[in-house]
Each structure stands twice: as structure tokens, then as C-alpha cells.
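For reference, the structures are reproduced in the following blocks.
What follows is subunit A paired twice: with subunit B in the first complex and subunit C in the second.
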Partner chain A sequence: MLISWRYKFRNSIMDRIDPRSRWIFSFAFLISATMVWSANFLFPLFIIALIWYAFGQTRWKETRRGWFLVSIMLFSMIVINTIITGGGAGGVVPPGGHVLWPNGFTVPVVNWHIYFGLTVERIWFALCQLMRLGGVSLIFVLIPYTMDPRAYGATFRGLAMPDSVAYTMELAFRFIPTLARDLSVTLDAQKARGYELEKVKGGIFKKIARIAPLLVPVTMNAIIASEDVANAMDLRCFGQAKRTWIYELNFHRWDHMLNAVSVLMLVGIILAVYVFKLGGFWVPEWFMQLFV
Partner chain B sequence: MSNQSESPIIVTDLSFRYNSRSDLALNKVSFSVNPGEVLLIAGSSGCGKTTLMRCINGLIPNAYQGDVEGDITLFGQSVFDLEMSEISQTVGTILQDPERQILGTYVLNDVAFGLESLGMPRDQILSRVDQALDRMGILHLRDRETFGTSGGEKQKIALAGVLAMNPRILLLDEPLASLDPASAHEALQIFRQLADEGLTVMIVEHRVEDVLAIHPERVIYMDEGRITYAGDRNGLLQAVDYTRIKLPAEIVMDRARSDPPPKFEPILKQDPQHVDELVKFDHVHFRYDEELPFVLDDINFSINHGDVIAILGHNGSGKTTMVKHALGLLKPTRGEVYLEGKSTRSMTVAAAAKSVGYVFQSPSQMLFAPTVAEELAFGPTNLGMAKADIKNNIQWAIETVNLEEELDTPPLALSFGQQKRISIAAVLSMRSRILMMDEPTAGQDYWNYRTFMDAILQMPGFDAIAFITHDLDLALIYANRIVILYDGRIVADGPPEAVLADEERLIHCRILPTSLLSLNKLHLPATGSFYRAETLAHMIG
Partner chain C sequence: MAGKKKSIWKFGTREVVFAAIGAALYAVLAYATNVLQLPGAGNVSIRPAAVIPMFFGIAFGPIVGFITGFVGNILSDLLSGWGFWFWWDLGNGLMGLIPGLIAASIVDYGALKSILLGELFVILGAAGGMGVASLSEMWVSGADLNTVIFANFIPAFIGNTVNGLILLPILMVAYAAISKRSGRG
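Our next item is the complex of A and B:
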């Protein structure tokens, strides 16, 4: 059985916004944030995202699992890919730059001398990336916890998707928590047979073979569940006529205003980037002075 | 579609072979059903009952492909000439597990699903949904999440979803499999009522005795894809092998007199003089989340050497949650659970698994290996057993569940019933001293579950066995101690003869007395204990 994210009505500002407007705003934000690298744009966008997140009135305890996954992603993209390897900055940060330790540095205790080509520009880039990805995460992490699962399908249909695509989106949304539940049950079942995930050691192939007791049942169950869902839908005439969605959605005045804000934000950023040639990467002088 | 005067279902010389199989799943099956009739289809696992249902509701050939011969007409029209949508408006299907059928996140949305698909106006949908929910007596669940409802409620929700579409034929594939006795009884009463209102109701069910109680007009018994009996209820009671399907106890007792007495000598015996406590629950309270109510409420209970414990209770009473604590899969919110004197808080589940073998409810949650032999070797290998011991344990375990010929087969290629038995064997092969099973007989046919339960109970090597079940007769036959849970509390704990004596309490706990219990209570002064009907036949004479 497909389950859904743990939604709770909080009577928050977010609860009063039409889910279609929320998606329109969320996508407008995503596109806007991915078009610019300038902190002059990213910082205000990040503040907007924080305010938006506060509208949801979620509690840390509810969302911490989601944030744990997001923090792994942010760590790998910002710390590993930008600060350590510098790969993520390629194409945005100009080559060269002000190296922080031009002569390298010595690690105390072990006395190792290391040459590490980290530049001030890359640090600033990492901060910009944190604002950009952090802002996008704030907007999207909120959705599963604050959107009524009854509204999923009707919302996507309301965004002009065909019935079949709208319902597929709903199923996809519910697939993630269902998969998490199945994984937890399978992990318990294998633990009861003496399996210890922590003891998975060895090379990559050995590791993959050792996690098969988790992956195989979860994958097979997902396949069987998808067949069950398809059969259950067939038995109740899905796709045979233009669908009625009993969940009613109505735009209010504030929803129209939010839609307008979303469009303005997106159009404004497009104009800034393509007409006024703003939004490119640059390092403020005051930041440079901190290091050089 | 429809010619009102035609028979609802006429099946003529129907044969079917799945593309993935070489043998026929259905072989020249013919029968018909009239409006307002209940038809019971009985038979062992794999006899073709579910395939027959799939042919009638259109899943064959739309979702499952194969070779079909013969015909099925629904109100005079061949099912093979109809679209799924046309069939679905006439034939409502309830699948074996209601969880597999529920699509909506909330009850209202789920019941409305079919009507939404038909594009009905919203007002009409809401009115039809309310009518269907009211008919099932669950209008109060309308705005509840489906996930949080009990097994019995899920069954009614699935049924309401089908009834909202006003079908004229109702197909029910093992509708009682996941229900506690009281919920099963309620469901059967509803099916009877629907038939009396003019619906044609076709029930595929292993729990034959339960269905016979609503007096089905016709009964079909199938074996290896063929109909071997078709007739009325009374004819079935005499025509079929009473060891194959569960018949009323007095009938079995009557028929078993002429057969040799069954041989069953359980190994485990309680020793009141020497109580060796293996697992101890000390004032255990548990809830899944601090915002949710307690699922276990002050549980004080021990599993002792020699115990064969049956744990009974209604859907959602906390049985599985309690058993998971013994292995440390769940830790108490308050209180302690001790396994062989050590708190489960201070041990890993893997360490606990050396003492406690736990068979989960659903086999598909654990089976993964390329062959059954490797599946059975997984647990003992994790526990660090020697290769020679693993080999011996595998052989012993596979023989216990009667699947020796499947050692080289991929477990996931087996039927659900066989997978369930493999999941039991996979835990047996660990040779844990304490064996715990969560609904070991669910989805099993009568003969198979009796065979492996007999084998397990007569095998040496266990210090104690505990099993969760909805089947009162299973508890009565195999357990030397019965524990009843009600809303997270233990309300009875003791020998079967004492615990099952209080019928009022049983009914309050949603456990219904069976014909075997009544028979045993009748003869208790002479027998001194509870026995299976075949044994009683020879004891009473």
C-alpha cells in the first residue's frame, strides 16, 4: 500500500495558499536561483526562501530526516566539489585567482607540508552556492510536510498536466515514503536473521553483494506493488474517461498576488541576466580584503 | 452491457495457461451463478481459484497474458469482447490483501476513486461515497487516513470503493485472510446481505468453515485447475477430503472415526516445578511517536522454557509490536524487556537473533537469494555457524516445511504460500532456541499449514515457541498457553482450557468461538484437555 508524507494541518500561512500557486512559486524560484551567481541576487533570494520556509511552521523534529539528506547533498557539492576539488567552480570562477596559501602550509603535530590551491574566489563561490542550493532546498523540502496529500493529483492536473500524468506524479510523490517504509521493514527482517549493515566491508563488488539482502526484497516489492497499483487502478476504470478530481482547488486573491510575484521574480531575473547582463559571478572587495 | 434476464456469470469450458508456465492453471472449467447467490470456491493453494477470478474480472488477458480457451459471459456478453472499464462497472473485485487495493491516502478519496475515473459530477460522487460508507457502517472513517485504519476497516474501505460503483457481481479473493475473527464475521454478514439484495457474490476462500456459516447457495471445490466438486453446502461436507480444507469440527469428528487416529506428540512441555524465564517483559509501554497513543500499555509477561504460546487479539491490538520487542527490533518507551536476563537495550538485534528466531508476516520482505538453499544458509552464516552444521540445518528446515524439491529454485519464483514456508524454513535453519512466528498460516491452505505446524511442534531443539494468529483453532490445537491482547494490554494469559472458557471475554476481544472450541468444551470433562477433531473422534468414540 502506498503511503504518503506525514502531513499535518497547522493553520499556517502555507496552509492557506493554493498548492498550484505554491508550485508556481517554487518553480519560479528554482529557475531564478539557477540563472544567477551574483550574491546581489542570491542573498535576497535566500532571504525570501527563509521567509517562505517560516510560513510552513514546521518543526525541526519533523523535517530533520529530510534535512539530513539535503545536508549530505550540500556537503558533497559545496565542501567536496567546490572547496576541496574545485570541480564545481569550473566555468563560473575565472581561472587563476588569489591563492590562500601560495607557499602551502604545514599540518601541526604530523608536520606534513601541503600545497592546497584554494582561492578566495572559490570560497566566495562556495558561499554563493550555499545560498543558492540552500534556498532551493528550503523551498522544496517544505512541500511534503505542508502539502495535503489529497491535493497532489488535483494540483498537478490544475497545472495543466493530463489526468494520467497528474496521477503518476501523485504516485511518484508517495513512492518515496513508501520505499523508506519498505526499506525499514526489510532491514528489520534481515537483522532478525543476524544481518548487520554496519559489518558490510570489503571492495565495491563485495559491498554490493552484501547489501543484496536489502536491495533485492525492496526492489521486488516495489515492482510487485506497482503491479498491484496498476491492477487496482484498472479494476476501478482509471483512464477510461475524463477524470473528476473531487479535491477542489480555488484561487483566492492572495494566490493571484503570489502568482504575480512569482512571474515578476522570474521575468525580472531573466531581464537582469539577458538584457542588463547582470547576475554573473563576482567577488566583493570587502571579502577579498579579509584574505589578501 | 447487459441483458437483465441473462445469468450474471456463465463459464464454459474455460482453460488458461500463463505465458510463464507450461501447465494449465485452469482446465475445462464450467459453471454458472444466478443473481442473489453466494458461490464459494474452495481448494488448496495453486488450484486455480485466483486465476479464475482474474478471468472473470478482465485482469486476464489485460494484465496477465496467456492462452485462453472457452468462454465467460457476464449477463450474456463474452468477457473477452468487453473493455476493462465495461467489466469493472459490472464486476467489483476485492483482492486478497485490501492493502493492495487501496489507492487513496484518505478514505473519502479511496472510495471515490472509481467514480472519479468514470468522470461523474462531484456532487454525485460525494453522495455515492457517503451511501457506500454508510452501507459498510464506516461513515465515521470518511475523513481518516487509510494508512492508520485497522485490517478490518481497510477491508470495509476496499469494499465500499467497489460498492460505490454499483457493481452487479462481487468477486472476493480470500477476503478474510487478514481479518480477526470478529471482523471476518462482520464481513461475511455483509456479503450475505449484499447477495440477499440481489448481487451475485463469488468468494474464493481457504477459511471454508467460516464461509459455510453464511449458507452459500453453491460450492465449488477445485484441484489442479479442475472442478472436482460442484454442488450445495451439504454435499461438500461429505465429498471433499477433510484434511484438505477446514470443515466444521463435528463433521470432521464424524468422518475421522473410520480413519486411523492422527499421530501428534509435541516435544515442548511446561514444567510448573521449574520455571526457566527466557524472555521477560517488565512494565513495558510503547508508542511509535510521542504524539501518538501507546500501542503497548504496561505489558508484564514472560516466555518460559517449554511454552508454546499463541498470541491472539484483534487487528491493531499490539501483537506484532509486542513480539518485535522480544528481539529488540523495538525498544520500550518505558519499562524493560530482558532476553535471557539481559536488557534488549544493551544488545544488537543480530546478537538477539542467536536466541530468538522471528518469522515476519510477509515473506516478500526478506527473500532475496538466487536459490532456496542460499536463502536458508543466510541466517546461520550470519550467526557464524560451521559449514557442516549449516548444511544439516538447511536439510532439516526444508524437510520441515515440505519443500525439499525446491532447494535449487529461486525463492521469489515460488507461489506466495511456498514463499511463506521458505521464510519459516529460513528462520528454522538458524536453530534459534526461541521461535516466534507472526501469522505463520496466513495465505496458507489448511493441509499445508497443519503439516508444517505439526512438524515444527514435533521437532526437538526449541526451548519455546510463540506465534501470533487470528485462527482460534490453531491456538487451541497447538498452544499450551494462550495470551490475549486487547488495545495494547494483556487481558488473559494461561492454559487454553482456562483462557478460552470465558466466551464473553473472547467476544469482547473480537475472538469468536469456533465449532472446534465448542466441541472441545463439551467433551472437556472426559478429555481433560483440548484436542483436534480427529483426535477427539477416537477419544470419545
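Our next item is the complex of A and C:
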């Protein structure tokens, strides 16, 4: 079994941005986008997310797995929850509203008369959801493809995490190829003994239990190996002094600018929501006129 | 290992390594079971790797359990290219942290009492972790409680609980055996 990271150096704008600034921007965006339901804020945020995504220079072929997952989430949240069932729309859309087909409508061919309580407000809410979730997805789907896995330990240390936690992350990255190889070897060894992981027979419980001959040896070997790694690290006085990192990160002028933009975006939205009481859900008049 | 009183909130060298190896293991197993296409029932996907943060929590404490779930889910998503979903990573972390709260009270991992206690905390861990992750969808997506419960919480909770309940006793018995055999502490 081959395990490889999705990251590839593309010489893109994103490759030149410090990973710490990227995390700061990504979380500032997430918090900002989730504080508002007004399209006046969500539309500019969505445009910012599109520009940010374009900086990554990823190709559809590479990212389609990520987008497949996002599309399932968007479908269940927007089409099923908001459009079809209504579902209260998280208590954001006030009850009532302008029903699109007050007298119902007839389905051609089968002549069924259906009463569907879809309101103009819910359609607009669905668009706002699309901008909000779409924007957040654009920012976060990009990360596996454009952030160098070697930088994670140093990045989280640079974001004020303790050395031990940042090093855990670094170490986890290093263990992945070893464990993938162990898993592959164990799978081959068990198959040689007649083990059939893909066997279709049996209920869901049997299928889960069937993973045990693969899971147990790999897990127990990993635990035994980690005892030796811990002893070796103790012998080298791990945790006795501040760590240095081979992968050094340096903020550039544009990183400082991005940090400032992130802080301004977040502070601006907080002020708009809590001081000026803006950012709540509302339907623009022009949109209402399209239907009513 | 077994047979020794532990401080559950300690995070020394051993815990750093166990958390790292747990996270890597969780990521590799989650990725591998996606690649190997385990036959599932209907559209319920089988994710046996969910037991890893629970087991690492019970064996090595809540911090190790949390990091195993949190970092492991991040790594798994990075490997499969599914993006970065902080609130689900947090939920996976809690799924390891909550069972980890009983780490100090388990002495013999092969004892029936320890296994039953572990099973109980698997349910609580899956409920707490997936509950937090699902509820945060209300904040992020603006979904209502019904959608969050039926579309997010129930499938994730049932899937992870069933995996945990079946695989945790097997791992605990195996761990008790290697602890006794190797005499490591």
C-alpha cells in the first residue's frame, strides 16, 4: 500500500506565504464567516475565499476528492435541510415568510398537486449558506494540497504551542511511512495464512471483527516500538531544554501584511456584529421582487 | 504498562511518543480502510480505526487519547485530501480524551471489569466527541438541531460506538498479554 501526501510544490503565491500566517488567516476567516448571516458580509468573504483558493493553483483533478466530500455536506445542509424540509434553518430564518407557491403546484405528466412550503426567505438563506459554507470549504480544502507536511511541527510551535505537542505532531508525520509499511507487511502475512479482509459474507459486526487480525499486530508492534523510541529520546534528554527546529520559518513583509488583514477582518466583523448590530439575516428587496 | 498506578494528566517523553504513534496509526488505518474498501452495510461506512483514540486514551491517558484522535484525524484528512475540518478533528480528539479519564483506574487490561468500564467509556466518548463535532455544525453551517442529530450525530455516533465496542476488548486483552510478556513499564 502506497501512502503519499497530497502536497506538491507549485511555486504558487500560497507556497510563498508563511504557514503560520496561513493558519491565522484561515481561523480568522472561519470565525468571521460563522458570525454573520448577512449577504453584505458573506458575499465579500466568499470572494476573498475564491481569491485565496486561486492562490493555491491546484487543479480540479487533484482536489476533486475533497470537493466530493464538501458537495455531500452542502447537499445535505442546503438542499435537504433548507430547501426541502425547511427544518427551521437553524432558527435564523424567522417563521412564516413569503411562500413561493401559496396554492401549491401540479406536477406535469402525473398530475399530482403538491403543497410545498418553500419561502423566498429560505431560498435566500440557502444562498447565504452556500456562500458561508462554500467560503469556509475553499479555505480549508486547500490545506492538504498546498501546505508542506514538514512544516507542521515548526508551524504549531511558532503558533505558541508547547514543544512537546508540536514535536508530537512532527513525530506523527515521521511514523506514517513506517506504520504504512508495517500494515502492508502484516496484511500480506495474514493473507498468506488465508485471511480475507474483503470477504463479503457476514453481518456488519463480523465485518468489523474481521479487521482484528490486521489491527492487533500492527497496534501492538507500534506500542512496543514506541517504548524503545521513548527510551532513546529520554537518553538524549528530550524535553530538558528548548527545542530547535530544522525547518525554520521566517515572516516576510507580505506575511505581516496578511496577519494584519486577518486581524482587521476579525476585529471588523466583531465590531459590526456586537457594536453596530449588523450581520444578521435579512432578504434584500430586489430578491423579494423576483418572486413576489 | 499494566499493574502500575498512573497520573492521567502527565505528558512526558513516553506520552509524546505514544500520542505520535497513536495519531500516525489512526491516520494510516483510517486511510487504509478507505483504500481497501471494506464492504459496508448500505451507506454506513466502516471505520475500525475509530477504536485507536479510544484505546490509546484508556491505555495512556486522556491527553494521549485526545492528541491521537485530534492529530490522527487531521493526518488522515491530509492523506486522503479531504481538507481540514477543525470541529470534527476536535470531536475525534474528545472521543479519545473521554475514555482516557478512566486510564488511572484500570490496572489489569484483561480483567472483565476493566473491559466493561472501557466499553462504557467508549459509548460516552463517542457520544461526547461526535456530539460536540455535530453540534458545531449548527454554528458553522446554520443547520437546525434535527438535521444535526439525524444527518451528523447518529451515523457518526453509531458507527464509532459499534467499532469501539467490538474492537476495544480485543485490543485490551492483547495489550494485557504483551504487557505481562514484555514486563515493560
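Rule of thumb we're sticking to: the second predicted complex is superposed on the first by the 208 of 292 C-alpha atoms of A that agree within 3 Å, B and C clash if a C-alpha of one lies under 4 Å from a C-alpha of the other, contacts with A are read in each partner's own complex, and residues count from 1 in each chain.
One rule holds in what follows: a contact is a pair of C-beta atoms (placed from the backbone, for glycine too) under 8 Å apart; a residue touches a chain by one contact, two chains touch by 3 or more.
Because the structure is predicted, anything quoted here is derived from the model rather than measured.
Once the two complexes are laid over each other on the shared chain, residue contacts for A:I31 go to neither subunit B nor subunit C.
In the superposition on chain A, contact of A:M233 is made with both subunit B and subunit C. Using the contact criterion defined above for the overlaid structures, shared-chain residue A:V92 touches subunit C, although it does not reach subunit B. Of the two partner chains placed by superposition, subunit B and subunit C are both touched by A:P149.
Applying the stated contact rule after C-alpha superposition, one finds that A:I13 touches neither subunit B nor subunit C.
Contacts of A:V216 after superposition: both subunit B and subunit C are touched. Contacts of A:I224 after superposition on the shared chain: both subunit B and subunit C are touched. Set side by side, subunit B and subunit C differ in how many residues of subunit A they touch, and the one touching more is C. In the superposition on chain A, contact of A:L127 is made with neither subunit B nor subunit C.
Legend: residue contacts after superposition of the two complexes on their common chain; A:W245 is shown touching subunit B, with no touch to subunit C. Taken together, the two complexes place residues 1, 3-4, 149, 174, 212, 215-216, 220, 224-225, 227, 229-230, 233-234, 238-239 of subunit A in contact with subunit B and also with subunit C. Residue ranges of subunit A in contact with subunit B, taken from their complex: 1-4, 149-150, 174, 182, 185-186, 188-196, 212-217, 220-221, 224-225, 227-248. Contact residues on subunit C toward subunit A in their complex (touch as defined above): 11-14, 16-21, 23-25, 27-29, 31-33, 35-41, 44, 46, 48, 51-52, 55, 59, 67, 71-72, 75, 77-86, 137-147, 151, 162-163, 166-167, 170-171, 174-175, 178, 182, 184. Against subunit A, in their complex, subunit B makes its touches with residues 57-59, 62-63, 83-85, 88-89, 93, 95, 99-106, 108-109, 112-122, 125-126, 145-147, 161-162, 165, 324, 327, 329, 348-350, 353-354, 356-358, 360, 362, 364-368, 378-379, 382-383, 412, 426-427, 430. Interface of subunit A with subunit C (complex): residues 1, 3-6, 26-27, 30, 34, 37, 62-63, 65-66, 69-70, 73, 76-77, 80-81, 85, 87-92, 125, 128-129, 132-133, 136-137, 140-145, 149, 164-165, 167-176, 178-180, 183, 197-200, 203-205, 207-209, 211-212, 215-216, 218-220, 222-227, 229-230, 233-234, 238-239.
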